[in-house]
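Below are two complexes that have subunit A in common, paired first with subunit B and then with subunit C.
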Partner chain A sequence: MKQTETDTAVLDQRLAAWDRKELLNGCQAVAQGVRLADVDVISAYPIRPYTEVMDALSKLIADGKLDAEYIIADSEHSQFEIVKHASSVGARAFAGSSGTGWMYGFEALVVTATDRLPPLFLVGNRALDDPGAFGVEHNDAMALRDMGWLLCWATTAQEALEHVLIGYRVAEDSRVRMPMALAMDGAFLTHSQHMVQVPTEEAVARFLPRYDLGPRRLHPDNPISIAPQVNEDWVMELRRQNWEAARRAKGVIVQAYQEFNEIFGERYATPFFSEFMTDDAETVLIGVGAVAMPARTAVRRLREQGRKVGYIGLRWFRPFPTEELRECLSRFRAVGVLDRNFAHGSPDCGGIVLHDVRSCLYPLASRPAVVNFIGGLGGRDISIADCTRMLEITGKAAERAGDEETVTWIGLRE
Partner chain B sequence: MSTGLPVIKYDKIKGVKNTPHEEFYTSGHRTCQGCESAMVMRQFAKASGPRTIATGSTGCMYVANTSYQTTPWIIPWMHTQLGAGGASAVGMAAGLRALMRKGKLPEEKINVINFSGDLGGGDMGLSGVSGALQSDYDLLIIMYDNESAANTDIQATGLTTYGAQTTFTPPGQKHRIMARRWKKNVAGMLAVGHPTCRYVATASATYPALDFLNKVRKALAIGGPTFIHTFDPCPKGWDFHPRYSHELGELGIKSGIFPLFEVIDGKVIYSYDPRKKGRVPVREYLEKQGRFAHLVDEDVDYIQQMVDKMWEEWEVPGVAPFRGNLNSAQK
Partner chain C sequence: MIKRVEVNYRGIFQKSLGKYLGSDIVMIASRMGKVAFSNGRYSDSPERNGIPCKYFAFVAEDLSEEELEAECGAKLDIDEADVSVVVDDTMVKGVEPWGWHGVRPINEKVHEKGCLLVITRHQPEDLLKFIAKKPYPYRLATLEGDASLAGMWVFKDDLTRERVLGAIAAVDPGIISIEAVEAYLLDKTKDARRAGAAREAYEATLRRVRLVKPGEGINWSHPVPVLPKWHEFEDTGIAVPAVPRGFKLGPRGQGRNDRFKRGTTKTHRPVIRFDLCIECTLCWLECPDGCFDPTEDGLYDVNYEVCVGCHKCAEVCPEPECIVMVDELRFENDRSPWEHWVRDPQGYIRWAEEKKGKERVHFPVVTGTGREVREGTYVPPKLSGAETPA
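Right, the complex of A and B next:
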């Protein structure tokens, strides 16, 4: 979306939407988003690297800057059930986790979606034990992909703050009502500091309406029964309703970004993924999360040498932007999919993003060549040189489609 | 230790004829004939009344109780996961408190009650129940104990009586007794472990009459997190004729195998004190149930001996198994 607005009153209003600039890491930026969303119930449990958001929130509450119930849970399972049930009585709720903690509470995550409740969770991506590793790997959040959740990645602390607001806005919309997972790369984003613009409460209030569960809110004045046993009689119809909600969510997401841009300035050109130097590109890399930073630098340097390369940062993984991505990727000769996760034993033993991207491209009569990279597991750095190499391998795939390896492990000690 | 909202004034129900007529758990469920756990549901809802929100953990009181489009619940109700009883109550109480404090919901005292089974509340969800009892929310957790994972076809839990036959503990030619664990003392453990929790009790839905109704009311009126463990004969799991459910409950209490007490602000009050009223032999309770049909004299003697110890040697009889004459040592 190009900025065509010349009305200075509108521009002034957009400038006024920002309160101050602050040096914040990803977790602290999310905490500011939670404060601005006026969240009612927060439940905490410690695990690196997401924990720092809970440290920041407890301090905001202690200082009287946020009015919320703050519950230190006995486990992630309880933590997630607490926010699920708080959400069912009409409270805006927040929790989060990382790695094995996320998996420990997984049962509760699954039912939050089937109960069609919209709390927001931060996933500070972390490798799954064993052996122990604190570093980023996306398998924790990716485990949600078939569970009826909204799932999106932030690439900067600024985006993280803004996606708390966009996340609640989409999740709570009566056409959607799905739980929202906002993921960020452990360490690379959760703990790296950026200058973050913090919006004003007034501007946020214009963007994010109050949470209203309507006729599904549990209260003595609305004595409904939620989630009674249905068995084969109704499960298919209910699954279909989840499916319809996920489809409607796409339109709601588009609308949310439009209104976000109107209130806060043209921050997002496209809602579902970002494009970097793709205009006349022939070869692109598509990745998820904070790897955007080295990838963009690699692209810029290769561009300086006259190479037609670009980078696509996939922001929303659920709902998957099928049509949008198909249209976008069909412009290129070769696409390299970078997975910071693994899907053991899957087709080509590739990554999770590979499979969705390939299946999204399948109906095209003429498809770009698609190769896959597994990299950065357990928090291993993905360097600019790694990104350059991936772009080069992808470029070669365009030349001699067919005889190359589909999956390449990048940065692997051989 | 409470919301600071005026507590609901509950009158003690005196005399069966004065039991409220309104039902908040009615037709629609399909529990077995003679199901005492269903009686627990009916009674707690009657005692707490319409300004209540309930959550029910997975188990018979979910699956056999609440089918889509035939809910028996007049009060608002929500399913919660098997081990999530404590967390469900905390989440709802926290949500209501925040919404009321922030002016998003009219202020009023709403009872938040979770019921979980012996497996859900006493084994899997014990840590969550403990978390709830450490909180400062007004909530009540009722652990309805039918001494098995009844819904999944009667498997032994940590609260199944020693020796009982279940589908996980069948008597066999090599091992007569597969259920070798002594029943977990959940109410006692929770009372001992949560000094700021003001009310922990055990109860039976029907004996003594009105006892359970009044315990629910006491728990709700005292404020803060509270806990009641009920003892629920289950005709299917215990293998007896449904006609005798109440009698079996009564026998369990009179034999002393299930102690009936309240711990209010740390003070122990026996609702039925077998030391004063005498104990009937546990054999009379055991022999009426098919699940104990394979026991021999030696097994019955062992159970009797354990029950004797509970009343004669425990420092706090029926509640806490400490020994060593702590009381007399003080003197």
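Right, the complex of A and C next:
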């Protein structure tokens, strides 16, 4: 098909949306996203791996590249309270943490959601102590799953930068107003240096409108009091509003990706999860985070041997893409769910993602077989060979011989 | 094909150097049209002073970035290295990043066609006195220079970075070429001196590559710990047995953790002239790692197995020339110096002075400004009659 002049204009515009390539690790990519989002207030308290984000931001401020209040808190709890309050006066606010630090600030995280404020938080996933471990495990971010938050994982440093912008856009939308947690695998993503494309400020301004709280903005010109004591008289109705917002968020997310693609080029085929070689697949693995890299490579190699396998990278965990994932997974004979987290004592003692995936499949008359893998805890690596093995176990489950284990541990010394 | 470079560096003091080398390799390889990325062995951090750490760079010509990352990015360590760079030559004695890993040979990852590239002023033969044997031949290259140690988070800009890039181009041009190194440094810094330093190191390294024959080196005596399976230890969590309480006078007399000695952390070790000691107790009190063992004659022996080389004892010792920090590579064992002294006081003093040599190395308090080398003064032995052997 011949390119029309309008097509060319659109392409030119998309090309102009990108400024330059820089060598950045995942944390520095997030800091670039925060700079481009022109964040007003940052609150910081160190914990590895998130620390590198606060370091990168303080450097951007020191270098005169970002104009923001940078407040060092005395703990994660204060840190999260600071951004909550900043957000309530109409400042675009950013904070982040990891592992047990994140858990320490949990009370403040919960009220940020019930106050319907939309700051963005980076969770550099880290194992929960004890004993001490720095490596990735998803339980820290997953703890938010029932709290009225938006929760999404980036797979690459590039995606991390872009999801700071997408995150603010969705969170601040007046139909949503929910806090946003952007999660990123500690080490494998936070601390790995890649060439990252950095968008221009102009293009970002076209995509991300100003943060406007409207009549809910706390300000001397608008004296209001928020979050009064309400007891049994209001809580049900407020929770219902949270519920509606979480449902509405899905439409807002879809729209945000559409506009992102329009401005920056076709970067995301689907908003909630990515599909890799799933077209005629019979067996798929679904996972969260940077494990996509070895998993997709395992899929590509098995495809070369003629095996019908695919990989699904679940990007958004809250709101959960119930209908979209149900429709997608209904096409396959077997689904292996990979959990880099634990939910001891839960149904089948499976992982957190397993439960949501199985539950979303339940209404289907004909459901794929579902098995679960627990792996990569505490930063243990998940190799290409591990992914191949998981795909093979999942493939066998499709035959429903009845002897398949629901949960298999991967990479365990056993 | 994937090329893997590991940079062995000392935690904190060389952190920026390690990271910059990783970034530079990625930038240079990218400019050459290759795919590359870089990361650090994450579990090494938070890096404690002197702890051996690693930074990696991965380069490929025929892979997508995703495949490269799948192969290399989701792993904590590498299986084999095309080039293992060592930016502090005392690490050739072995590296112990964590108590769970054991003391590992510096050339552990170097594969058959690979190269161990060491910044050193020692001869390759001297280095091989500490390096483990391998069943296959590999290359050992040396680049003349000192360990570039900076302070906390500080980078010491002494051209080590540029010189190592040049040396890597010399030992494996399949990773980065010297022309690309020079062009990158010129573009980035507009400073011909930096590109010149890389070129000079490149030329020098080409002349200093030695083939190490199979079996050349030493038998490695440190076992690699085997960690138990999940059902092989108590299911109530990890409990590490306590260091037995107790204390007796004499060498190794104090209770210490035998599981993680941390001796591979040091670039220098203290040499003590026991004859000059005024028994002030300061070394014993101030050593952050409790390395000094009081002896029955009122002196303080030092346990080199656990000394991390922090220089503190030498700083606090009030007597000139009594405690002096000396290049760790001048020592082949960790035996008690006090026992040597008691056995043969005069011989010990000769030994100590020979080890000390002329140069006294200090690291100024303002970190990142590098090291100061002064000339030492010779203090004649102060031996009482009792210490003079008959």
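FYI, the second predicted complex is superposed on the first by the 406 of 414 C-alpha atoms of A that agree within 3 Å, B and C clash if a C-alpha of one lies under 4 Å from a C-alpha of the other, contacts with A are read in each partner's own complex, and residues count from 1 in each chain.
Here is the rule we go by: contacts are C-beta pairs under 8 Å (C-beta built on N, C-alpha and C of every residue); 3 or more make two chains touch, one makes a residue touch a chain.
It should be emphasised that the depicted structure is a prediction, and the values quoted were computed from it without experimental measurement.
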Original post:
Superposed on subunit A, are subunit B and subunit C clashing or fitting side by side?
Top reply: fit
**OP:** Could you look at A:V111 and tell me whether it touches subunit B, subunit C, both or neither (first, second, both, neither)?
**Re:** first
**OP:** Determine, under the contact definition given at the top, whether A:L15 touches first (subunit B), second (subunit C), both, or neither.
**Re:** neither
**OP:** With the two complexes superposed on chain A, say which partner A:F134 touches: subunit B (first), subunit C (second), both, or neither.
**Re:** second
**OP:** Would you mind checking which one, subunit B or subunit C, touches more residues on subunit A?
**Re:** B
Original post:
Who does A:P294 touch here: subunit B (first), subunit C (second), both, or neither?
Top reply: second
Original post:
Of the partners subunit B and subunit C, which touch A:A62 in the superposed model: first, second, both, neither?
Top reply: neither
Original post:
Closest Cα approach between subunit B and subunit C after superposing, in Å?
Top reply: 25
Subject >> subunit A residues within the subunit B interface of the complex >> reply: 38, 40-41, 43, 67-69, 71, 73-75, 77-79, 81-91, 93, 107-108, 111, 210, 218-220, 222-230, 233-234
Original post:
Touching subunit A in the complex: which residues of subunit B?
Top reply: 50-53, 55, 62-63, 66-69, 71, 73-81, 83-84, 86-92, 94-99, 101-102, 104-105, 110, 127-128, 130-131, 135
Original post:
For subunit A, which residues are in contact with subunit C within the complex?
Top reply: 23, 25, 48-49, 130-131, 134-135, 186-188, 191-195, 290-291, 293-294, 296-297, 300, 379, 381-384, 412-414
Subject >> List of subunit C residues in touch with subunit A within their complex >> reply: 22-23, 26-27, 30, 37-40, 42-43, 45-46, 65-67, 69-71, 73-76, 227-231, 237-238
